[in-house]
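In the two complexes that follow, chain A is the common piece, with chain B as its partner first and chain C second.
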Partner chain A sequence: MTQERPSEEKPYRRLETQTLLQQIALRHGLEAMEASENGNLAWVTSGFPVEIPIAMNLGVVYPEQAGAIIGAQKIGPEICGYAEDLGYSQDLCSYARSSIGSTEKPDKVPVGSLPTPQILLACNNICGTVLRWYDAISEMTGAPVFLLDTPPIDKQQLPHNREYVHRGVERLIEFIGSQFNRTLEEDRIRKVAELSSRATKLWISALEACKNKPSPLNCADRFLTMAPVVSSRGTEHCVEFYEAFVAEVEERVKNRIGAIRDEKVRLLWDNIPPWHTLRFFNILASRGVGFPADTYTHAWTGNMVGTDTHSIIDEVVETYSKVYLNMGLDAKVDKMCQLIKDYDLDGFVMFSVRSCKRYSLGQLVSKELVTERTGVPGVIIEGDMVDSRVYNEAQIETRVDALLEMLM
Partner chain B sequence: MREESNLSYEGVIEQSAAGLKELMESGEEIIGYIYPHVPLELFMAHGFTPSLIRALPGVSSGYEESLQTFACSYIRNLYSQRANGQFLTLAGLLFPGNTCDALQNLGDVWRVRFHDDRVLRLTYPVTRYSQDESTTNFLAEEIRLLSETLSRTYNRPFLTESYDGAIELVQDFRNSAQFLYSARVVNPKIISYSNVIRLVRTFLTVPTTSSVSEIKEAATEVRTTADELGLLSIIESVRHAILEGDYSKVKLPEDIETPRIAIAGGMVEPQAITSLINGIPDFSESAIAIDLLSFGFKSVFTKPPSKSDDHFLEMAKSVLTAPGEPTHEGLSYRMNAMKGLLANFSIHGLIVCEQSFCDPDQFEAPSIEKAACELDVKTIRVPLDPELSDRGRIETRIQSFLETLE
Partner chain C sequence: MGVGIDVGSTTTKGVLLDSSGNIIAKSLMLTGASAVQAVEKTLHNISSSSNIDLNGVPMISTGYGRARVELAEKSVTEITCHSVGVHYINPDIRLLIDVGGQDSKVIRVGSSGRPEDFELNDKCSAGTGRFLEVMARVLDVSIDELGPLALQSKTPCSISSTCTVFAESEVIGHIGAGKSAADIAAGVHISMVSKISALSKRVGVKEPVCVTGGVALNPAFKHHLSNQLGVELWVPDEPQLTGALGAAVIALEKKGEM
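Moving on to the complex of A and B:
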């Protein structure tokens, strides 16, 4: 790979809606601070059914998102280091370490330190780590934890699993109610669910637009613009953002404007990105390599429609139990193969994230299976999402070059 | 004190492997399991012998085709054993679901790589915050489905008579093991730690009447000695305290030998710890008053299923009583329980074992350190892998730690 070009003629095109994204991020941050000051702030995991706390008028923030910001600011090693000073191993999830580190030393984080939580809401549909991570934060802040347990499912969700998670959602409502002395109003949850569905549908349409050639969005674009659908779905401003975003994407498609200037090779990205080195995608863009699809941003594609509280809870159970990471290896391989087919991709890059066991263990096997089924080659590169100490750029370059030699 | 022959770690492994082999040669079918908290009675009710499959020292490679180097050292070891042909032929292998990401994913990888193996799964609920019966009902249904799979796949129905016999067998083992653990808390020299955990290991590997007889015999001998020493009622109070979490009636003898240490951790081999401590000059394992490990304390102090018409529900309730497991109990609950135990059993030092790249162990260790510190109990954290690959350095660290307790 070569270095990113410094000239004005970058190999990729910046989205106009990025300005709007910054405004939303700012607004989100201010609202979170206000919620914390008013004693109403929940920290939630990225796969949590956020529609419930939002409908119960809590402010929400996402430590993973804060971790991504810390990574992007290239202060991951320093902030994770504060968690390591407390005794947390460097092998542990770097989202967790950056969250623990920034809770310990908030003044060391320019942007990305989260306001004090009053409640911690975790859902283990993305990994088992969240249980231990939120327990650690609870020990530090005194905020109580609620865990929505979504036991992993294989192929289909069995009735007892559905019933168990359903009861979990009911208990969640009871828990928030008892902590904040409030109830879940049916009108409000219907409204939030509807807004959530609208935002998600818009997000899906943007993702699907990437089937076009050239793709209107590259990996880095999606990683940045996924922020509102992760953190603010269920709100008006989230829908407004995606309406503007989709309009820009459609405009690009209409005029055959690609996210990168000269798309020659189309690849699939698997796993969380290296937030500290998003320029990885831009450097490849200069060689005509784009990523029209990835498994990470496709994780937020559940859709909730319901007519009353009970049916909305049913939708919550269905949507949040069946997220990509809560299904077995077969489901992951199926998803990758489907994306390769639907987006007409030439190969794939699997990022083996050292500190994310749920996403990464099994990749050596799924790489073989995906190539066997699709006939397209792939490569595994290793590193971490926040902690750049374990990201070996030279080694990654060599591996990606080997893949590209097969394709170009 | 009890006369005993102390087998080495390798000797214990060989002994239990030989017992398993003998059983298979006699025509018994074995279902292996990895996570220790399984309904043993279920497998026995279907006519199988459940056997705990564990990591072994001396297995260093074989996993590389399927697992990254940052996979937990325990699962790497298990995979390598299978890849190297070190597993005996099992009728099936049970993987846990929802206990940790590494074991969750290993089950999937195993299914793909070893097509001929019968991979079974039992998914656990995370019970920590529920205050209703939904978690027990979930696990009961999981156990029922597993029972159906066993009947269907192997054509071996659930036999109530076998189930009743299994309940008695497992409970006989636990009664004896709990007594021995409690006796050692009161007087660690009454029976050696390595002997107790060898007996526990033998049962978990080969749960037969013969292995239960052996541990019962050991318990009977210790009971006689304890009676002669006037310690029986204290031992029973310790056992009751552990089972109920209420230490108010525990009063240990005033002349107990010091230092007294406890071993905390998850799926770490108790034998490996004794092997390390016994390798240190001037120290012996009699300093170990108790362990809090998955293959020791947590398996031993699980409550038995009650006899009722709903076998699956009772087995689920039993499994979920395994004390101190992160999946079953929240962090603050676990830390409070540990503090109660450390304070009331006069523990001076705590060795915190962490399996390399094990999320549950590594997340818990700082909280354990903090909790112990609040009681002025000194701690040392020991990163371990099944191969004891850094043995010399670890022994030196433990030696230095033990010296600070004197």
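Moving on to the complex of A and C:
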């Protein structure tokens, strides 16, 4: 791939709202520190029904997001290495390794080391590793772990599974209540759920704006701007950020301003990005290759308010049982085919992430199925989201170049 | 005219085509430690054997060292070049299996000669020419002798296909257990072929099937692959040159001479 150009001629356009994003990230970090100092901080997994701890006045942080920041700082191998020094395998998820490594040696992490938790909230709707990972953090910090168990769904959620998850959410409320001596107020959870829903709807509208040609956002833009909807949904400032963000996206659409300067090829990205090499997208941008859609940022489109349920707990059960990674392979293939159709994409790149078995399992089969159903070609590249030691740029370049030669 | 240069991990190949598309010069040499020097030497070989000054002749580079060819107008992946090269020699071919020193690739060739789908080996050398090189060294035979030796076997040894390093330990174990070199060599080929066969089935075995790359010259590899896939395999006369040939064809196309 060609070299990046000097900044004045960069093939991609920086979002104005990135400045606001940095302010939100800083604010979020400071609030988490304060919550930890006050004995109120929860670490939560990315698919956790965060509205409940927020409504019960806990501060929340996401170790996966910290892992992404560690990856982006290109210190993944070093920080994962501290977990490996403790005996954890290199095959373990690099979000887990970077989390354990940075908990072991927080002073080695310039940005991304999380404040000490008082409670660890894991939901296995994204993977089964989270429980063991949080167990390890629990051993290191003394914070208790709560697991919300959400059995995987194949097509439809079975009634007894729904009831089981429902009971799990009730237990969660009881658990937080007993740990922090507080109750969940109905008014408060309704307010938080409503804010969460507003943020999610704004996020969805930004994603859907990418159906336009040229797309107002590229992959890297969405990977960065997804941070608040992952970590702060259910708060006022999250809604404020997305209002500003959507306004900028709509302005771009109105003026036909693309995220990249000369969009020629539109691709789908599947899986978590290589946080250590986000320039992958910018280098391709210089060749006119953009990614108007991806499965990762579309995973945060579950919308709590408005589901056809009787209570807020039912809504939590409905929304968080049906996250992308908790559904079967058919649902994943359907989603990819739908995105290719709706966003008028020419091909797709599947990133097989060694760390994330739950996301990557089945890609060989789904690649075939997606091509069969949509008629567009795809390629599988291998690597890792945080640990750049298993990311071979030359091999990836050959595979992606070959795909582009088929398209251009 | 058009020049194609294929800088592979083991060998560097070059082909010069005249404006009618006939091969008028070719070169094949070990890449060695410096890809830049291998490219210089290859260009020199082509130029001196054809007596043609290559200045101004359109040139396309391919292979892992493709970026090292400064004179090339453009670099194109080996996937496209092999597909175009094989199509140029035999337009009927629909599946191409190329086994090189460092990687193996399976390409579904479209009727236009362009790739329609492809798969490459993963980050392991177990399905590549390097696997055979390592095993030949352990068995103390040359790489050219390994295939004919394997064909003498009646009871091939079982050798796993997950990892070159582990397989090497297995081979040493078989030597220690007194197994014949022929049986071990046959086991080595079957193990390697099982990787390539799985890769081929992922793309879909559509006949006629062609095998290229240095390993295509190995009779035991061809025999066992044909058995495992259940199809006849076609091998061009110079299977190592297909990538460079494809690059040269693309160079000619670019110039509008074809």
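FYI, the second predicted complex is superposed on the first by the 402 of 408 C-alpha atoms of A that agree within 3 Å, B and C clash if a C-alpha of one lies under 4 Å from a C-alpha of the other, contacts with A are read in each partner's own complex, and residues count from 1 in each chain.
Just so it is clear, contacts are C-beta pairs under 8 Å (C-beta built on N, C-alpha and C of every residue); 3 or more make two chains touch, one makes a residue touch a chain.
Computed from a predicted structure; not experimentally measured.
**Student:** Have a look at chain B and chain C on chain A after the superposition and call it: clash or fit.
**Tutor:** Result for chain B and chain C: fit.
**Student:** Looking at the overlay, does A:E382 come into contact with chain B only (first), chain C only (second), both, or neither?
**Tutor:** both
**Student:** Could you say whether A:L329 touches chain B, chain C, both of them, or neither, answering first, second, both or neither?
**Tutor:** Touch status of A:L329: first partner only.
**Student:** Examine A:N392 and indicate which partner it touches, taking first as chain B and second as chain C; both and neither are also allowed.
**Tutor:** A:N392 contacts chain C only, not chain B.
**Student:** Which of the two partners, first being chain B and second being chain C, lies in contact with A:N161: first, second, both, or neither?
**Tutor:** Touch status of A:N161: first partner only.
**Student:** Draw lines from the C-alpha centre of chain A to the C-alpha centres of chain B and chain C: what angle do they form, to the nearest 10°?
**Tutor:** Result: 70 degrees, to the nearest ten.
**Student:** First (chain B), second (chain C), both or neither: which does A:W133 touch?
**Tutor:** First partner only.
**Student:** Quick check for you: in the superposed arrangement, does A:L364 touch first (chain B), second (chain C), both or neither?
**Tutor:** Both: A:L364 reaches chain B and chain C.
**Student:** Where does A:D107 make contact in the superposed view: on chain B (first), on chain C (second), on both, or on neither?
**Tutor:** neither
**Student:** Looking at chain A, does chain B or chain C touch a larger number of its residues?
**Tutor:** B
**Student:** After the superposition on A, what does A:F146 contact: first (chain B), second (chain C), both or neither?
**Tutor:** A:F146 contacts chain B only, not chain C.
**Student:** On the combined arrangement from the superposition, state the nearest Cα-Cα distance between chain B and chain C in Å.
**Tutor:** After superposing on chain A, chain B and chain C come no closer than 5 Å at C-alpha.
**Student:** Of all the chain A residues, which ones make contact with chain B and with chain C?
**Tutor:** 364, 382
**Student:** Would you pull the chain A residues touching chain C in the complex into a rising list?
**Tutor:** 364, 368, 371, 377, 379, 382, 390, 392, 394-395, 398-399, 401-402, 405-406
**Student:** Help me check something: in the complex, which residues belonging to chain B touch chain A?
**Tutor:** 65-68, 70-72, 97-102, 104-106, 108-109, 111-113, 121, 123-126, 128-132, 134-135, 137-138, 141-142, 145, 326, 330-332, 354, 356-357, 359-360, 362-367, 369-370, 381
**Student:** Report the residues of chain A in contact with chain B in the complex, numbered from low to high.
**Tutor:** Touch list, chain A to chain B: 86-89, 91-93, 96, 124, 127-129, 131-133, 135-136, 138-139, 145-147, 149, 151-152, 154, 158, 160-161, 163-164, 167-168, 171, 328-330, 352, 354-355, 357-358, 360-365, 369, 382.
**Student:** Over in the complex, which chain C residues touch chain A? Could you list them?
**Tutor:** The contact residues of chain C facing chain A are 64, 76-80, 114-118, 120, 122-123, 202.
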